[in-house]
Amino acid sequence: MKRRPMTGDHDHGTLVIGGNSPIGGIEGKTLPASIAAVIGCVMVCLAAGQSAAQATTEAAATPSANAEPVLTQAFVVGNLWLLVGAMLVFVMHLGFACLEAGLTRARNTVNILFKNISIVAIGTLTYAGVGFSLMYGDDLAAGWFAWSGFGIDPGETGQSPAYNDNYPYFTDFIFQAMFAATAATIVSGAVAERIKLESFLIFSTVFVGLVYPVIGFWKWGEGWLDAAGFYDFAGSTLVHAVGGWGALAGALILGPRLGRFEAGHGRAYHGHSMPLAAIGVFLLWFGWFGFNGGSVLSADPASMSLVFVTTMLGACAGVVGAVSLSWFLFRKPDLSMALNGALAGLVSITAGADSITPGSSIIIGVIGGCVVVVGILSLDRLRIDDPVGAIPVHLICGIWGTAAVGIFSTNEDHTLLAQLLGIAAAAALAFPAALAIFFVLKLTIGLRVSPEAERIGLDIDEHGMEAYSGFQIFNTQ
Amino acid sequence: MKRRPMTGDHDHGTLVIGGNSPIGGIEGKTLPASIAAVIGCVMVCLAAGQSAAQATTEAAATPSANAEPVLTQAFVVGNLWLLVGAMLVFVMHLGFACLEAGLTRARNTVNILFKNISIVAIGTLTYAGVGFSLMYGDDLAAGWFAWSGFGIDPGETGQSPAYNDNYPYFTDFIFQAMFAATAATIVSGAVAERIKLESFLIFSTVFVGLVYPVIGFWKWGEGWLDAAGFYDFAGSTLVHAVGGWGALAGALILGPRLGRFEAGHGRAYHGHSMPLAAIGVFLLWFGWFGFNGGSVLSADPASMSLVFVTTMLGACAGVVGAVSLSWFLFRKPDLSMALNGALAGLVSITAGADSITPGSSIIIGVIGGCVVVVGILSLDRLRIDDPVGAIPVHLICGIWGTAAVGIFSTNEDHTLLAQLLGIAAAAALAFPAALAIFFVLKLTIGLRVSPEAERIGLDIDEHGMEAYSGFQIFNTQ
Amino acid sequence: MKRRPMTGDHDHGTLVIGGNSPIGGIEGKTLPASIAAVIGCVMVCLAAGQSAAQATTEAAATPSANAEPVLTQAFVVGNLWLLVGAMLVFVMHLGFACLEAGLTRARNTVNILFKNISIVAIGTLTYAGVGFSLMYGDDLAAGWFAWSGFGIDPGETGQSPAYNDNYPYFTDFIFQAMFAATAATIVSGAVAERIKLESFLIFSTVFVGLVYPVIGFWKWGEGWLDAAGFYDFAGSTLVHAVGGWGALAGALILGPRLGRFEAGHGRAYHGHSMPLAAIGVFLLWFGWFGFNGGSVLSADPASMSLVFVTTMLGACAGVVGAVSLSWFLFRKPDLSMALNGALAGLVSITAGADSITPGSSIIIGVIGGCVVVVGILSLDRLRIDDPVGAIPVHLICGIWGTAAVGIFSTNEDHTLLAQLLGIAAAAALAFPAALAIFFVLKLTIGLRVSPEAERIGLDIDEHGMEAYSGFQIFNTQ
Amino acid sequence: MRLVIAYIRPEKLPEVKQALFKRDVLKISVSNALGCGDEPTIYEQYRGRTSEVDLHKKVRIEAAVNESFVQNVVDGIVEGAQTGEVGDGKIFVIPLEDCYRIRTGEQGHDAIG
Amino acid sequence: MRLVIAYIRPEKLPEVKQALFKRDVLKISVSNALGCGDEPTIYEQYRGRTSEVDLHKKVRIEAAVNESFVQNVVDGIVEGAQTGEVGDGKIFVIPLEDCYRIRTGEQGHDAIG
Amino acid sequence: MRLVIAYIRPEKLPEVKQALFKRDVLKISVSNALGCGDEPTIYEQYRGRTSEVDLHKKVRIEAAVNESFVQNVVDGIVEGAQTGEVGDGKIFVIPLEDCYRIRTGEQGHDAIG
C-alpha cells in the first residue's frame, strides 16, 4: 500500500514557477522569507508587503471554480476523514506540550510551552515552503531525492479527484504538514530544561525542513526504501524514530541537566504536574487515532476499523506492559511509567497498524510497554538525561514497532530484512544529520544556557516570565 | 430501534475456536492471560512469547483482503461516524480523570490519574477478551445470557456490509469497548481517596468484564429486556446507572473518608483544582456527542441532528437547573454544582436522546440539574461520602433519564412500565453484584487503605510520588 | 456564497405557532421562561411542569418518521461534517475558559469558569428561544430584521434534503447555536476580574439573544448587508468583531482593575497559569477547524481543504508575526504574545478563509500577529484594561481580517468598499447596543464588584470558593 | 510578652485551633513548612529512581501572647496536636520585646490581643 | 540588634516595601501566611456545605536591623500597611543575639545590612 | 538554648542539610520565602510591560539548638550555602527561652533534640 498514490498526472514543478494557476499557490520566495523573518526577527512587513502585491495580481479565479468534475464517494468521504485526521494530529501537539511541561520542573514551563507552539508554527510554514516538495516532489535522483520547487501549488487538477481518488491536493498537504512538525516536537522533550531557545528553533526548522522530508521521501514518496520493500504504515520509523534520533543526538551533545547525575547515584528531578502530564498522554492517544487512522489515506471501513482496533489495543497493552514491569521492578505503581507505556504501545503499533491482527497488536504493545521501562532505566544508567522519556518512547519503541511488522504482519510482502534496512537507513541519515546541526549550533551561537539560567529556570532567564505567578513553589530540586 | 442490528448471518462462536479466519482474531487464551499479568504482575513476556508463535502461524491473509464487495454510502459514512464517535467516547475518559482529580484533594491526584488510565487499558482488554462476547454473543439462555467464545473475531464477512449495513465488525467492537470502560470509571469517582489500588483494579476488571456486559446483553444484545419493550438509547441505565450502582456499593462498603462526617456536622473536603474539574466536564460534554450521537449507529442525518440538539439542550438545561436551585438554596453560585448540573443533564438525556422533542429535552435537563443538587445534599445527610458526586449524577439522573423516556418519548412503543422494569432489572443485578465483589475483596486483600495512608495521601503512600512536586500545598483538610 | 442556502421552501413562522408538527419543537413560552428562571432563580419546576404536559400531548410521531425521501451523498456527508464542526466549535468554549482563567489571577478563576459554563448554557438556550429565529427567520423589514416566532421547529420537511441540500434543520440550528455563545464569551475575557456575575450573565443573554442575531441576519440571513456585497465567510466581523465591540464597551464602562494603572506607569497583573492559557489557545485553534471548516456548510472537498490550509497557515503566520515583533520590541520571547498571535492569525483569516490563496493567508496572518502586539501596547497606553487581550484579538484582528478580504480575495465580487461597509455596520449596532446594555445594568443592579471583593478575589466574594484549595498562593498583585 | 512558635502535623491544625480557642487564644498565624526530625524517611519513586525524602509536611503556628498566657498556649497545642507517634512536633518559646497593632498604632501589652 | 516580624495584608506588600525603602530598610524577607484574628469569618461554600474559614491570607515580613533602626521599620510598616480596618496586622520585635552574612562569614552588626 | 534562622538559596538546601547532618544537627524546619537584598533586580516581561522583581526565591531554615551547638549550625549552613556571590543569605541567632516536645510533653534542653 502506497502512502500517497497519485492517480492524476499532476505536474508539480512547473506550475509554481509559472504562478498563473487558478488556485493561487505560494510564490517561491514568499514563504522562506517569512520564516527567515521569524528566526532573525526581521523584515516581516517588508516581505508581506511585497508578496501582497503579487498575491492580488494572481487572484483571478475563485478557488473552487472548476474543481468539481464528479464527486465520488471515496473522494468526498476520504477527504472528510483525512481532514478530521489532520485536526487530530494537530491536537497531538497540545498533547506533547502538556506532557513535556508536566514531566519537567515548574521553572521551565513557559519555555517548553513557547517551544511547542513555535514548532507548530515554524514547522508547518517550513513544510509548506520546502518540506512537502522535498517529500512528495518529483524524483530527481533514483529515489534518493525529490524536489518540485518552493511552496505548495495544487495546479489545475489538484483539487479534483484527478489528483487522487481519495482526497484533493490541499488535504494531502495539510495532513502531511501536521505530521512533519511532530518530528521536531519529539526532540523538544529530550533537550528540555537546558537548551537555548534560539538554537532549538533553528534546529527544528532545519530538521523538519530538510532531514525529515528527505527520509520521508525514501518511503512515502515512493523512493528507494519503498522499492526495497520496507513498510512503515504511519511512521514508527519515518516520524518517531527520526524524531527519536534527533532527541538522542540532542541529549548526547547537551549533556545532562545540572546535578542530575552528580553526588554519586544522581537525583531524580520530579515533573511538576502529573495532571498536566496525564492530559498530555490522553490527548496524544486521542490524536493517534487520526495519526494512524488517517494514514489509511481513505475512509475504507475495513482498514479504518482494523487500524482503530489495533491502535487502541496496542496502547492499552502498552500500559499493561509498562505498569506490570515497573510495578514488579520498583514495587510501586509508577504513574509516569503508565503514561509512557501508553505512548510506547502507540509508537510500537504505528508501523503495522493496518497489517497485523488485533492479537498481535496486544503482543506488540505489551512488549513496547516493557521496552520503554527498560529503556528509561538503561538511559539513566548510561547517564543520558532525557527528562520526558522521548528516546525510549519514540526511538526505541519506534524501532521495535518497525521490526515487529517484519514479525507479525499478515502481509507476506513484509519481511524483517526490509524492515531492518529501513530502520538502518533512517538512522544513517537522521542521527548524523541531527548531530551535525546541533554541533554547528554549539560552535556558533551556543547550544546550552548558562548554569545560572538553569538554576533560576529558563522561564525567568529567557522569557522573564513565570508559569505560575503567585504560586509558592520550592525551587530546591 | 435495535442497538446492534445484525444483518449478516454472522456465526460468531465457531470461528474463534477454529482460529483459521482470514482476519486474525485473538486466541482465547492470549487475552485473559495478559490481563492476569496486569493484576498479578506476572509472566507478561511468557504469555507474549507463547502467543506470538500462534499469531504468526495464522497470519496468512491480508486484513482487508476480501472485505469490499460493494461499499454503500451507509456503510462508509456510518463507519466513519462510529469511529469518530468511538474516539469521542475515548476522550470522556480524560474528562473523567480531570473531573475526579479536580474535585478531590491534591494528595490523591496521582492515584486517581493512575486508576483512570489503568481502567481504560484493563477495561478495553477485558472487553475484548470476554465482554464483547458476553454482550453481543449468541443467546444461550432465552435472552438472559450470551456467549460466543473468548476474544474478538470478525469472521469471513465481518468487515463487509454483510455484517451490518452501517459499519463493520471491528467498528462495532471498538465503539462498544469504549463504552464499557466508562462504567468502571464512574465507580472510580465515588470510591476515590480511600480505596486500595489493587482492589479497585480487580473490581473494575470483574465489573467491566462480567457485570456490565451481561446487563448490556439484556437490552442492546436483544435479550429479554429488549423483548420486554425497555428502551435505553445510549445508556442512561445500561451504562450510567450500572456504573452508579457500583459507585453506591463502593461508597457504602468503604464508608466515608476519614473525618468527613466527624465533629458534629462534618466538613467539606474541597477539590483541589477547579480548572481541572471544569476541563473534565467540558471534555465529557464534548465526548458525549460521540456517546449519544454515535449511538444512532448510523450517519442518518435526521436522527443524528436530533440527537445533537437534544443532547446539547439537555446539558444546557442541566446547568440552568442546577445553578438555579443551588443559587436559590445556598445564596451563592456554586461552580461545582454547575459542573455537576451539566453532567446531570447529559446523563438524563441519554436514554431518550433520539426519541424526544427538543422542548422535552430542556425539561428533562432542568429536572436532572435539580435532581443532582438534591441528590448531593441527600447523600450528605445520609452520610454517604461520594467525593465527586458520581452517585447523584450517574445513578440518580440515570434513573430519572430512563424513566423520562416513558414520559416524554414521541414513540408510542415506549412505556413508563417497561422503563421501570429496565431500571429495576439493572439495579437487581448491578447493585448486588458490585456489593458482592467489593465484599469479597474486603475479606481477602482488603478494600481500604490505612488511616495513616489516607492522612498523608495515597500518592505518597501507594505510589511514592507527588502530583505537584515543589508546590506548597496545605495538607490540613 | 450564501451562509445558509435554503433550497426547500421551508415555512418557518407558521409551524411554530401551530405546534402540531411531527417533530416536537419548543413551545414559544417554554424557553424564555427557563432562562428567566436562571437569572431570577425562580420557578424552574413550575415552567417545567407546565410544558411537560404540552410536550407529551404533541408527542405523536417518531422523530425520524418521514424524513427520508432519498439520502443524497451531499446531505449525509455534509450533515456529518457540520455536526462534527459544531462539536469543534463547542470545544472552543473550553478553550476560552482555559485561556481566560490562565491569563488572570488565581483568585478569580472560579468566577471565570462559572461565567464560561453559564454562557454556553444560557447562550444556547437563548439562541434556541429567540436567536435562531431573529437570525435566520423570515425577513420582515427589507433585510434589516427577521422573525419567525419563538423556539425552533423543523416543520414537515426540515429534517429532509428538502430543507437544504447539505444538512437538515436541526444540524443548521446546532451549528449556528454553537457560534452564537462565542460572541458573549469574547466579552467575558475583557471584563474579567471585576464585573458582577449577575450583570454579566444578563448582558450575555441580551447580547447573544438580540444583538448578535440581528447583525448576523444582515449578512448570513441574507439581509441588506449580504445584498450590499459584504463578505464574511465564518465571522471575523459577525462573530469576532461583534464580540470585540462588546468587550470594548465593557472595558470602557467598567474601567481598569484596581491598581492596574496606578502608581505612575502602572503594573502588569500576571496571569496565574501559563499551561492553562496554552491549553486554551491550542483548543481554540483545534476548534477553529470546525469554526472555519464547518462554515463551508457542506463537505465539498475542494473548499474544505482550502479552508483548512488557509486557517492553519494563517494561525502559524500569526504566531510568527506576534513572536517576531514582540521579541524585537521587548528583547524577550513573550509566551503570552505567541498565544495571542495564534488567535490573531485565526481571527484574521476567518473572514476570507475560503476565498484567498494560501500565500495570502500567510500575509494576512503575519500582519494579524503584528497587529495584536501593537493593539495590546496601544490599549495599555490608552489605559483600557483588557486582561486577556480580547479587544486586540477579536475586535482589531476581526476588522483587519474582514478588510483583508477586500484586498486579497480571489473572488472579484469582494470589494474593499463593501467590506468596510460591513465593518461599519456591525460597529454601528454592536458597540452602542453593548454600551447601552452595560449602562442600564450599571444604573440598576450595578456593574462592578466592590473594591474589597476585587482585593480578596471574586472567587471568595461571589462564590465562596477557592479555585486551588490548599495551594499557597501569594495574593500580593 | 512571648512569641510561641510550634510545628505540628498538618492534619492536626483544626484540633489545635479548637484547643487554643477554648483557652481564649484567638489570634494566631499559620504557615506551611517542611520538617526534618526523627520520622522515618519516605521513599519517593520517579521513573525508576528512588529518592529519600526526609522533609515531612508540617504546619508552623505563631502566637504572640502575654507571659501569663504562655502555659495556656502550650497546653492547647499539646492537647490538639499530640498523637504519641514520632513526628508530633515541637513548641518554642521566645522572648518578645515589643508589639504593635498596625491598625491603631497601639504598642505593648494592649496590642497583643 | 532586633528581628522585626510583621503580618500584613497581602495586597499591601508593595506599599510596605516602598515605605521601608524610603527609610533605608532595604533588606527584608517575605513569606506567605494565614492569620486568625478579629476579622469576620469568611463562609466558603462547597457542594452545599458551608465551611467557616477564619484563616485569612496574610504576608509575613521579617527584617533584622540594628536597634537604632527599629522605629524606622515599625513606622514604615505602619505607614504602608495601615487601612484602619480590622485585619491590618501586627508587628513583633524580638531580640536578635547574633547575625552572620553567609557570603563573607561576617558577624554581628556589620552583617545585618 | 537558641533558635537559629537562616535564609539561603533554594538550590543549596541539599548541601546545607548534608553539612548540618555531618555536624549532628538532625532536626530542622524549612519553609519557602522571598528575599529582598543586594541581588540585582530581575526584570519580568508580561504582555509588553516590564515589572521589576526584587524579591528573590529563598529558603528559610529554622533550627532550635542548645548553646553549645550554635557554632556547629552556623558553620554547617555557611559551608553548605556559600557561593561567594551576592545573595547567599543570612543567619540570625535568637535566644530561645523554652522548648517542648509535643509527643511527650518534655520541656527544656531534653526536648530540643
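Per-chain residue numbering starts at 1, and chain names A, B, C, D, E and F are given in the order in which the chains are listed.
Criterion: a residue touches a chain if its C-beta (ideal position, glycine included) is under 8 Å from a C-beta of that chain, and two chains touch if they have at least 3 such contacts.
Note that the structure is predicted; figures quoted are calculated from it, not measured.
Undergrad: Could you work out how many touching-chain steps separate chain C from chain F at minimum?
TA: 1
Undergrad: Between chain C and chain E, tell me the centre distance in angstrom, where each centre is the average of that chain's C-alpha atoms.
TA: Centre-to-centre distance between chain C and chain E: 46 Å.
Undergrad: Taking the mean of the CA coordinates per chain, how far is chain B from chain C in Å?
TA: 32
Undergrad: Going by the touch rule set out above, which residues of chain D reach two or more other chains?
TA: 31-32, 44-46, 50, 94-95
Undergrad: Find every residue in chain A that makes contact with two or more other chains and list them.
TA: 73, 77, 80, 84, 270-271, 273, 279, 332, 334, 336, 463-466, 471-476
Undergrad: Which chains are in touch, pair by pair?
TA: All chain pairs meeting the touch criterion are A-B, A-C, A-D, A-F, B-C, B-D, B-E, C-E, C-F, D-E, D-F, E-F.
Undergrad: Could you pull out which chain B residues touch chain D in their complex?
TA: 263, 455-456, 460, 463-466, 472-476
Undergrad: Any idea which chain B residues touch chain C in the complex?
TA: 73, 77, 80-81, 84, 88, 105-106, 270-275, 278-279, 281-283, 285-286, 289, 293, 299-306, 308-309, 312-313, 315-321, 323-325, 327-328, 332-336, 338-339, 342, 354-360, 362-363, 366-367, 370, 407-412, 471-477
Undergrad: So in the complex, the part of chain B that touches chain A is made up of which residues?
TA: 23-27, 30-31, 34-35, 37-38, 41-42, 44-45, 47-48, 51-52, 54-56, 58-64, 67-68, 71, 73, 75-77, 79-80, 83-84, 86-87, 90-91, 93-94, 97-98, 101, 109-110, 113-114, 116-118, 120-122, 124-125, 128, 151-152, 159-160, 167-171, 173-174, 177, 197, 273, 276, 279, 462-472
Undergrad: Under the definition above, what is the set of chain F residues touching chain A in their complex?
TA: 10-11, 13-14, 32, 42-46, 50, 57, 59
Undergrad: Considering only the defined contacts, which chain E positions touch chain F in the complex?
TA: Going by the criterion above, the answer is residues 3, 17, 26-32, 62, 64, 94-103, 105, 111-112.
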